[in-house]
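Both of the next two complexes hold chain A, though its partner changes from chain B to chain C.
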Partner chain A sequence: MGSLFRSEQMTLCQLFLQSEAAYACVSELGELGLVQFRDLNPDVNAFQRKFVNEVRRCDEMERKLRYLEKEIKKDGIPMLDTGDSPEAPQPREMIDLEATFEKLENELREVNQNAEALKRNFLELTELKHILRKTQVFFDEAAPTLSITSVRYMYQMADAHKEEEQVQLLGDEMRANAQAQNLKLGFVAGVILRERLPAFERMLWRACRGNVFLRQAQIESPLEDPSNGDKVFKSVFIIFFQGDQLKTRVKKICEGFRATLYPCPEAPSDRREMAMGVMTRIEDLNTVLGQTQDHRHRVLVAAAKNLKNWFVKVRKIKAIYHTLNLFNLDVTQKCLIAECWVPVLDIETIQLALRRGTERSGSSVPPILNRMQTFENPPTYNRTNKFTKAFQVLIDSYGIASYREMNPAPYTIITFPFLFSVMFGDLGHGSIMALFGLWMILKEKPLAAKKSDNEIWNIFFGGRYIIFLMGAFSMYTGFIYNDIFSKSLNIFGSRWRINYNASTIVENHILQLDPKGADYLQSPYPFGMDPVWQIAPLNKIIFQNAYKMKISIIFGVIHMIFGVMMSLMNYRYFNDKISVLTQFVPQIIFLIFLFFYMTLLMFIKWVRYSAAETGQFSEGCAPSILITFINMVLFKPSEAKGDCSPYMFAGQAYIQKFLVVVALLCVPVMLLAKPIHIMKSRKQAQHQPIMPVENGDAEGGVNQENLARTAEHGGHGEHEEEEMSEIFIHQGIHTIEYVLGSVSHTASYLRLWALSLAHAQLAEVLWNMVLQNALKQKGWMGGVALWAIFAFWGVLTVGILVLMEGLSAFLHTLRLHWVEFQSKFYSGLGYAFTPFSFDVILEQGSSGPVDGGD
Partner chain B sequence: MGVVPVIIFTALWGVVGIVLPFLAPKGPNRGIVQCVLMLTAATCWLFWLCCYMAQMNPLIGPRMHANTILIMAREWGNEVDMTGFSPSPDH
Partner chain C sequence: MKICGPKLSLCGLIISVWGIIQLTLMGVFYYIHSVALIEDLPLEEHYSDPAEFYAAADMAYSQNAYNCWIAACIYIVTLVLSIQQFYANSRASV
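== the complex of A and B ==
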């Protein structure tokens, strides 16, 4: 049966593949994804395997594809993703693919190189253009009417205005010197990164002792750096200095600051001419650059159409060769031998796939699939669908089930949302959650196609069915708790009536309805909590605590008994009669005689005790169940309270004594029975070395039960090597764990009550402190206030009550399942079945770079 | 009166938990569907039953403010005759 209750039956198979057919067969198996290959040459280094060359070629192809992908992404070209996965191409097609990629890569690299050179050229020209334009301004400023040649002589002219500048620039003596030497003022012009400018200026000042004159102007538009395509801001500068010594110094500094210097003619007419030349060259360059870009774009668009397809093909080829590397070559070199784990149910399908592969490769010899006997533990394979997968993940994150062990996942589908909802019971919050889950389920396909990288979203989306079920169950429990955003619904009509007359009501601030008389209609509200409790703030908590604590324990004990029953299923399946008698029976007796008895007391108390009764069963006589239980375990007689008997039914004292004694007697049975049995059987085995052949009665040939039994037998063989003292210690630990665990786990289920109380109270506080303020406002202001405060209340409701409380309830539920439930039967010592599947490989491959980016 | 809801809800969840599993669609998921239906019915029925039984024989009655009592009486249909009385200001 291919169901989820136990993992699939697996078998180890040996596969003989003809060398020519191996590739095609493995390709078919990869499409199928049902076979887990074992590495048959674990000692062989990865570089010495047979198909290492092919793998390397695939790696190279993948690198080229990634380069293409990067370039395509850089240009923002949409990549065609049809979502279909082409079959792995024949090995001979690999060469074509390689050639195509090689050609594309070279072409692209060439285009990129050209584009970069052109861009560098373009940048230089643009900078020169800016220099010419900006320096013009400087020169114009410096001498509005004079040409640059006259600047040289301006010192002699000793214009009053200029004189000041000269003082700054050269100082008095220098000027005297300069005049004497008929000085010549030179300049350099260039472009520098804007952020470097202050340091550059300071350096110039210091190195030249203030003897240079620097002017700068910012280039407004950012320029593109050709090497990495970043936009950078630059400034034009022009430095005036005098003498060759300063010139070399200035040039050195410019070099040091990576400033690019450009020749700038002195004569304005030359400059104008040059500017014209530069402009025409820029235009020419622009045309060429545009053509280059067009070409690049065309190449990339063509590549983008096929890129995803190529990726799939290359990854498939690589995966196939990786798998072939795991195989053994037989002596004749004609045939490859593989060992693989296979689900027994799928052997037919696998054989069909192998036959298809052989036909495709045109080989005549059919592949051979042999089942092998093994004592090894097979992998655990649970066949899940999109609904059960999330629940299986919850279980697997605790530990992969041992092979063929009971899988808790099918039961978790309901118990998990249910226990969650006991803590989260609120019709309003539940419906928000359920609607969110439902939306994700209905929009499943478009949402899944988006493939978001957002981890939190992926977690929510992966758990959409859990979220929906948790929400739906919370709606049900909210209905029962009669809680909707901390208010109640009065659908069926409250069963409590007001019979007080007007004077009593006016004279008393606080009144309590009497459950004895006509105030209570003597039959409960048919579905859920009576709405009257929501409006009785003075003792609502007292009443609900008593109720919620009881249901927590009731459901907890039932959940644990369910877990112990699962262990029975395991023992029976593995034919472990000894464990049934020595483990399961004492365990279940212990649990039922003590804890299930306590839940029975709760029901008895609900049924028998009533305010309407008089005497023994009146409300004053109702005993505390906790005290009764403690007294029972401690063998203390319960003390009578006034006329009331502390017992709920006749003979309770004797029954309780009997139950406790039997339960306590179970402890030594749990502790000793199994080790003693093992000891005895060992002694027997020593006396008669020929063991009673267990396999004798299994005559069904090679059926799986037989296999399981032999495996079990093998397990026993290992067991016998274990020291007797170790067995005793193990059993002691297990027993202590179970006995103490029963107590602490029962108490642990009280978290159902605690979280439910906290959730209800938090919702109530939020309503009273926030939304109520708005509802109390009068007039049109009230409407405005309500609008604003409702938004605030809504945000807090979703953020705190649904998201945070939901998360906390989720974690508590997870704990209740992992610890309290699964500790009763689940060993979780298996390892997962990881079949060779293209789907998995492709998914990992496409998400791989993204993960790397994180 | 008190028995009617017990019968109705027990029958309802009985149908879900006992009858529907037989009608579960054949196929590889039949076992899961049956398991889901039975567990749903069992948990929901028991949860309802506990709430019902907890209120069956109440040991205490709700304690309320007089104001609440008056509103409750008016809204839930057994109005107190208030002629001649006016609510005291401190309520």
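== the complex of A and C ==
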């Protein structure tokens, strides 16, 4: 039995590892990725485990690496990603790594601190430079010698509109006094964030009652904030005031607004001298800063070369210790005991890996891999490759298959794109989709290496093979429907001819072509629909509906019968003979006698009735399948219309009655047979308690075949615990679900017709409403109009018809598989096999930020 | 010289290629008087006699064929522009 059709056979193994060899062995198993370890000490919390210290050290290393990564990204240095995965280093190498990271981190932190201090210094100096430069202007403006009157004058000018307030605040005589006293004016100068300036100004005015004078000037170039590296705009200000009280008040306000004050000498010569000093210091600082940056860059470039490599190493070490924490210590403390699920086919490879690990660690005692008996359900493991993976994901998102259940994924590879294409049949849209899929498949490696974070893109890329197949199948159905962007291709030549004479054509608005006469060449168009239907707008849809509805039901019934056959495979595999008789047989009879018979009627109708025939089998006598079917189920005799018999073949009435009766008799069998059988066998078991049950042989059995049987019978054992009434209720629910489901599921397949009709109509509407506008342009301007409108039409075609309609057809296909197909056989009660694998761990580690620490 | 960004130039590239292929083919189909495209012709509702209708239809078919090829030619220009922009963008990003 190929492993594609069922999940892998799994076995529970016990693994004895010598303490020294454990690390190397687990590392080898991680590279292999075929072993799922079980937690043997689930009661012990994370902090009490044996290797908690190592895990914590790894966390610490990871934190340092993330810090380095952040710094590297900040500087925009490209990180070397060779994509190879180095082996997990020996435990003793961990100390080296730790030391390296410690050194790097410290160095980087020191450099950063120095750089920050230098930058702060630099900022201060630049600010001072600006102050000296700007204040020079203020002082120049305010006359060479600062006389009170001139200041007072400016002061009044500045606040002319607040004249009244000023009058109130300082009376006239006070002002006179002030003038008389000839007080010395003080000033402070500083720098403030530009957005704070208006508030600052208002505050100063209010707090000092208008007795200070503020001048400000903007610094044009943005300054760098040393703490976070942002560019900020600042303004230089200078405040003149009088007296010490005001000085303290002004200073406090400055402090409150985080303005930095700088000493500014009064004498112009001092200021010039200071400016010179500042300039030289800025130049010195610049060289030092440049050297610091160079050093930082060198450190980071060196780190960037190895960073990915280090990440892989640290994550591997951490994963190994994490796994070791799941193990049990035996009494002698000499070896570790692990329990793990492994695929039976891979035991050899695993043993080989273990041997390699032992050799590498230099230990002499080989590890022991011991198969165990268990009644637990093993995990479900389906081996996939890049092609089958996407299909398996579609199945698994409904529910992971129960252990060794039939896996629908291989059949889905064909049925999924096919049912999709029935709904999406259009050569043009199909080829757009197929080309997109093909491009992704051909560019697989470079695209996969890019590792985009875009979720939608990742979904598309993951499903590239599905998309390609869906597109290719849609091209095929597009040929069958003869639809390309809602137009038809006349490749083989239409089989219809117009034999009306010119006057008839001129006089009549609508004309029919008769399939009986010379209008039809009496042989069908070789492949798909005749292109003539495209220019028959009045009965094209009627014709296509009859065809598409019928094929939908035919595909649906075949699909469902296939699903029921799969349930037979399941019963036979699990040796469930009772279910074959009580479930499968009545189910398949019910489905075939009612619904498959209906599809047979369709074929009979297609084959026997024709316009070329006369009498009973002429085109006018063809009975409606739906009415026939309804009458059949209701036991109503079909009425003859004129000369036409309502029956397609002799004895149809009797056969139909027989079919319905048998099909209905199957319902009570489905409903009661299995519970009654269980009831009987229970009674028997009570009468003969000593009879060896099949469970007995399984105890001695070692091979997997027996194990599966025991698991199955273990399940039976649980069933026997169930109340009899519950069994009846469950069986009743299943039966109702199946019987009603057959009807509703058959009807549900009509969505194939509905969506294909909708798709074809939407394509036609888009063509007629958009592109036709350009094509109906008269004259040479039509070309330019066509150029513009074609682009618009193309965008709409891709957006609406390919993307949205494609998505809707995809979802309907998914539903047809999950509900209509899988409900016939698939229980999906298993749990997935999650092997301990470095590849998976690294994938997760690099795609999402690992929340370390916990 | 860059005018449009990487996404727009890629979009223009794809639509141009598509347009060149489809419009050239449609031009051919118009040229051979494909019946499937008769609804997309600039024709009147009524003609007094068949000969006039045939003449008008022949005119419209060839006119539409030329229009399709004109549009295809404009798309060649668009294609060249898009390719130039696309390379300008990819050079800038490297």
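The rule is short, and it goes like this: the second predicted complex is superposed on the first by the 806 of 854 C-alpha atoms of A that agree within 3 Å, B and C clash if a C-alpha of one lies under 4 Å from a C-alpha of the other, contacts with A are read in each partner's own complex, and residues count from 1 in each chain.
Just so it is clear, a residue touches a chain if its C-beta (ideal position, glycine included) is under 8 Å from a C-beta of that chain, and two chains touch if they have at least 3 such contacts.
Note that the structure is predicted; figures quoted are calculated from it, not measured.
When the two complexes are superposed, the chain touching more residues of chain A, out of chain B and chain C, is B.
In the superposition on chain A, contact is made by A:Leu511 with chain B only, not with chain C. Once the two complexes are laid over each other on the shared chain, residue contacts for A:Gly256 go to neither chain B nor chain C.
Contacts of A:Pro86 after superposition on the shared chain: neither chain B nor chain C is touched. By the touch criterion defined above, A:Pro668 reaches neither chain B nor chain C.
After overlaying the two complexes on the shared chain, residue contacts for A:Ser488 are found with chain C alone; chain B is out of touch. Shared-chain residue A:Pro526: touches chain B; no touch with chain C.
In the superposed model, A:Gly794 lies in contact with chain C only, and not with chain B.
Judged by the touch definition given at the top, the superposed model places A:Gly615 against neither chain B nor chain C.
Within the superposed three-chain model, A:Lys540 lies in touch with chain B and out of touch with chain C [touch as defined at top].
Residues 490, 502, 505-506, 535 of chain A lie at the contact with chain B in one complex and at the contact with chain C in the other.
For chain A in complex with chain B, the residues that touch the partner chain are 1-5, 383, 385, 388, 410-411, 413-415, 418, 422, 476-477, 480-481, 490, 493-503, 505-506, 508-515, 519-520, 522-530, 532-533, 535-540, 542-543, 546-547, 550-551, 554-555, 558, 603, 606-613, 619, 622. Residues of chain B that touch chain A in their complex: 1-2, 4-5, 8-9, 28-29, 31-32, 35-36, 39-40, 43-44, 46-48, 50-66, 68-70, 72-73, 76, 78, 80-88, 90-91. Note for the complex: chain A touches chain C at residues 487-490, 502, 505-506, 531, 534-535, 768, 771-772, 775-780, 782-784, 786-787, 790-791, 794-795.
Looking at the complex, you find that chain C touches chain A at residues 15, 18-19, 22-23, 34-42, 49-50, 63-64, 66-71, 74-75, 78.
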